[in-house]
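Which chain is which? They are A, B, C and D, in the order written, and residues in each are numbered from 1.
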Amino acid sequence: MTVRAGILGATGAVGQRLIQLLEPHPEFEIAALTASEDSAGKRYDEAAKWRIDVPIPDSVAEMTVGATTPEDVPDDVDLIFSSLPSSVGEEVEPAFCEAGYIVSSNSSNARADDDVPLTIPEVNADHIDLIEVQRDERGWDGALVKNPNCSTITMVPPLAALDEAFGLDRITVSTLQAVSGAGYSGVTSMEIIDNAIPHIGGEERKMETESRKLLGEFDGAEVSWHGARVDASCNRIPTLDGHLENVWTDTEADATVEEAKEAMRSYPTLDLHSSPEQLIHVFEQPDRPQPRLDRDADNGMAIAAGGIQETDGGLQFNCLAHNTLRGAAGASVLNGELLLERGYL
Amino acid sequence: MTVRAGILGATGAVGQRLIQLLEPHPEFEIAALTASEDSAGKRYDEAAKWRIDVPIPDSVAEMTVGATTPEDVPDDVDLIFSSLPSSVGEEVEPAFCEAGYIVSSNSSNARADDDVPLTIPEVNADHIDLIEVQRDERGWDGALVKNPNCSTITMVPPLAALDEAFGLDRITVSTLQAVSGAGYSGVTSMEIIDNAIPHIGGEERKMETESRKLLGEFDGAEVSWHGARVDASCNRIPTLDGHLENVWTDTEADATVEEAKEAMRSYPTLDLHSSPEQLIHVFEQPDRPQPRLDRDADNGMAIAAGGIQETDGGLQFNCLAHNTLRGAAGASVLNGELLLERGYL
Amino acid sequence: MTVRAGILGATGAVGQRLIQLLEPHPEFEIAALTASEDSAGKRYDEAAKWRIDVPIPDSVAEMTVGATTPEDVPDDVDLIFSSLPSSVGEEVEPAFCEAGYIVSSNSSNARADDDVPLTIPEVNADHIDLIEVQRDERGWDGALVKNPNCSTITMVPPLAALDEAFGLDRITVSTLQAVSGAGYSGVTSMEIIDNAIPHIGGEERKMETESRKLLGEFDGAEVSWHGARVDASCNRIPTLDGHLENVWTDTEADATVEEAKEAMRSYPTLDLHSSPEQLIHVFEQPDRPQPRLDRDADNGMAIAAGGIQETDGGLQFNCLAHNTLRGAAGASVLNGELLLERGYL
Amino acid sequence: MTVRAGILGATGAVGQRLIQLLEPHPEFEIAALTASEDSAGKRYDEAAKWRIDVPIPDSVAEMTVGATTPEDVPDDVDLIFSSLPSSVGEEVEPAFCEAGYIVSSNSSNARADDDVPLTIPEVNADHIDLIEVQRDERGWDGALVKNPNCSTITMVPPLAALDEAFGLDRITVSTLQAVSGAGYSGVTSMEIIDNAIPHIGGEERKMETESRKLLGEFDGAEVSWHGARVDASCNRIPTLDGHLENVWTDTEADATVEEAKEAMRSYPTLDLHSSPEQLIHVFEQPDRPQPRLDRDADNGMAIAAGGIQETDGGLQFNCLAHNTLRGAAGASVLNGELLLERGYL
């Protein structure tokens, strides 16, 4: 028996990746697609400008797109994947939760809310039980679960590995982000060819807050955020997919390069359907990871790390993840798999 | 009366920029061009694959390229601009100095030597008098003067402005560097299209050491390097020209964004021929500076800064400079102008 | 005395280039700017997202943008430069002509109309007098003059040179067009990085019809279109500016490569203010012209040609022009200069 | 039983693709790797700078690279895949044939030789028996078989389909070629970012001659080349993989767009291991095929076509193939499979 799933914002860049991942998924079945009013009522292949390099699945092409309201989604749908602009998500997601749907959302609204689990299953799966707190407080039959921002997801697993091994104090990160992170039309070609843009609205604050919540401790009632100071600077560069990040961190205990590699390599993956075989791929070559060469490892669900060096009192390293797979659609699907494994579905 | 100047490594990417700058220069006159053995004896326009977007000057096109030895350079040449691979520079530049030539060099060898002035004229012009120490120690009639690495030049002027205003403690920098920094063939298209490379050999160490020497104090006998800790991470991205950098710095005194802008804007330029009108252009828009839009300001000799924010105990900002103009050829020419102004020519 | 000029569609990509060209222009003075309803009433620098690599002129930054109607343009404006979407141009331009304005338009509507002059001044300046026919027929005090599409302008001057020398029979052209030709947001980065798109809506037909009208004869009453067959295929590639084209043509008389070069080189320019010094720059190097290296020749107003080869019964060659300067804004300004020289202003 | 195969030029861009294809191949087994003198004696993963986005197979990584001479290749190797610079191939390939090896070569030397089969199996498999003529004339135990140039392979299958259906008279083609076609270091980033190069040395002549040989008739003794006139213009653009081409052709019989599509769609594939399921994928959308979206169809072995339009007396269309898979390594492997099927191995 598969779980019947709906996709909110199915025509967007992340929505298309959700379709790519869910169509062959053994546990989930695409049962509803929604989009903005303009698209509602159209066949999916007419509503969406499909632009990823695998063909649009036939079964999905013929589905009719609905409006993004609980009324337009069949009752036998149990799980909702949401990839909406945050202003829309803010309004619509609670309505779905109230109507009894479990929502695994990639939208940025509500990520910092006290009673909303923000999870990367391999890092903080236990936070998922914040759902109990949420249901108590909000009186929902459904639930709202969030995955973090793509740039946050990229660095948190290696940071979690280092935190566990050495303790972290201060984190500084600079990102080189791919254009797909802004959605299909988010970055025009005239803006980015032969160029880089040292600003992505709101992204720095997201990295600074989300990472501290993800690395925090959940005691059954609330999440105590991690105490590390985080400073981020975010840049857009002319790559299609794959966010590359330079990270520096002060560690509480002394750490050698070899110990750091070992901490990352031995950091466990899960056996959820979409989990990578190896969570963190650590490269020995100093010029890796690179977006084009390394973003697709383990179906785009691995984190790549490299360039690990000791600094005075800490470490610096580079990391990379596929931003629309590991960093968005895949993150939501993985959260869905966690919800299923933990009995919420 | 113009100073007769020779260019070592005249066919390379920086060599071509030197020609572009020197051909119309009112104080200098191109009197000799040298290149590797393969090119020696050829007309310049046959030896060089000209690839910048201004035409090759006619007078230069017809010059004959010589070998890179003092013997192949006429005696009435006084000033040598050198843009050689460091291994070649290491061997050849001292020979020129010994033969009595003043060498303004962009090559990375000898930059950290105690008796070699490493100068950005607007920042530490006084270091030029290290030439006296050098001549004492080495017994040269000539002299060797260096400009720093392109990635160092980009961040040092804004850092110098902040250091003067607030005192600097700890500097962390991430670079997004253009392909021209690696020379014409340094980065293949297959390496960099839809990609970024988080490693530039030796570059991080150059930024960490050169910036401390540049920000240091010269007491007439030696340079005391600045005590700040510097951590750098260097990346190559698919831009043609213009290095963009994210910088964080802890400051000794408290600093507001407005004070930081004021410190940068009021940091003085010089009235050397190639000096920019305004040394540091500070942008109010959070998404500037950008390489393609801002690298050419003041003939590619300005530094652009923006995105200034307060952090806990410090500041973060972005900066940008044209790497082959301000960061290489223009830096050497400016040092030549300083040498002339200070009476060394 | 300068002519007071208005710009319709002043915030778009071509509108910005018009401002760049007109602000320092000795014969014209920017007296009005219009844009869509959203922008009307705003300061220009608030309404426009300025994105070319020269700063926005101060005098223009402070101007107030009006709506695109004759009522919103001061009466003492004599000349209107129009760069509107064709559907808007179709509606609005006749209203301006009726209200007495002379309109030099880059919009694609009405280019094929019998009584509308379509001119490249160096090629068919005499067609401008079609204005008399137009005024007779339409009863306008003003007049409507068009420049051709950017891809057409690129190939027509060299074709005109060859037509005059050898007579042309059949023309086949493939284009490699820059993204700026689609306007600022016309091509997203996700569409074009590591990609090419073999389709530009309507462009092939524009090249096929406009070139025959431009190469046609005007007898004072009507233009007889050139009889050559024209086949075009249009592609978008990841370049910012500069359309490159491969052209084959059968010639009536035999033509050698040398004769073809001579025909192109000796094809006269005009002495209008914006005319290039040399209309067609012919390269000897087989790998030129190239967009990045050659688009800016003669302030972006020259046509570059190269790769000329004999074929069986004809010639093949490559040509290039800056699409938003020579191919759009500069083309409209040049037509404005022609209108002034011919006494229409 | 698998055929033991050697790869000449195994460290190059096409050599790496050969390894990618042969390592999992059910019929062939990689038994020898050769490269230039510099690499001979090294482990493969030390000799090669691996740069495709699948990892280097472990079994291959550890192999020792030999020199490119028959002496350095084990005797039990039967089949040689060659991807050498043509000047090296010209010297070395005959030595291998003389030593009894069957050579399936991607190198451009000898492609036009009367007694050398030049084959695209789906198009002219029967030409393979030219081997008999070759052995008679040259007295070889081995044999030399060539696949055409990548740009030729892209257009010949659709042309063959049209030729069969309507007869072809005159062919004009413009190419937009990816940088990988020039090898790993063939195109520098400074040459091609924000640029296009309208010249690829020798490529136009290759397309003009090879296509006529491929479309020719083999009568058991010699190949009569096709009589069509072919005019080509070749351009390099900033794409990584996938050559896109605009083709015009005059047809002997009248042809509608629908008939042309049908001719292409029904043109048969083979059931060789590497054959695509469908040889020519015909797109209905006018803006397809596009390199990034369509180059990987059927494991990079399909030809994509689209934009088919009627012209006066003929047709125009666009086509695309993955240049290092279908156009190089895959083409050689397919020829190897044909040699096996026809009993030459």
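The working rule: contacts are C-beta pairs under 8 Å (C-beta built on N, C-alpha and C of every residue); 3 or more make two chains touch, one makes a residue touch a chain.
Chain by chain, the UniProt names read as follows: A, B, C, D = Aspartate-semialdehyde dehydrogenase.
From a predicted model like this one, the values you see are computed outputs, not experimental measurements.
**Student:** Just grab the chain with the largest centre-to-centre distance to subunit C, centres being mean Cα coordinates.
**Tutor:** A
**Student:** Of the pairs C-D and B-C, which shows more C-beta pairs in contact?
**Tutor:** Between B-C and C-D, contacts are more numerous in C-D.
**Student:** Take the average of all CA coordinates in subunit A, do the same for subunit C, and state the distance between these two points in whole angstrom.
**Tutor:** About 47 Å separates the centre of subunit A from that of subunit C.
**Student:** Let me have the rounded angstrom distance from the C-alpha centre of subunit B over to the C-alpha centre of subunit C, please.
**Tutor:** About 41 Å separates the centre of subunit B from that of subunit C.
**Student:** Check each residue of subunit B and list the ones that touch at least two other chains.
**Tutor:** Subunit B, residues with two or more chain partners: 51, 193-194, 238-240, 292-293.
**Student:** Given the complex with subunit B, which residues does subunit D contribute to the contact?
**Tutor:** It comes out as residues 13, 51, 179-180, 184-194, 238-240.
**Student:** Tell me, which parts of subunit D touch subunit C in their complex?
**Tutor:** Answer in residue numbers: 172, 174, 176, 193-199, 229, 231, 233, 235, 237-240, 244, 246, 248, 286-293, 306-307, 311-312, 316, 318.
**Student:** Tell me, which parts of subunit B touch subunit C in their complex?
**Tutor:** Within the complex, subunit B contacts subunit C at residues 51, 53, 193-194, 292-293, 296.
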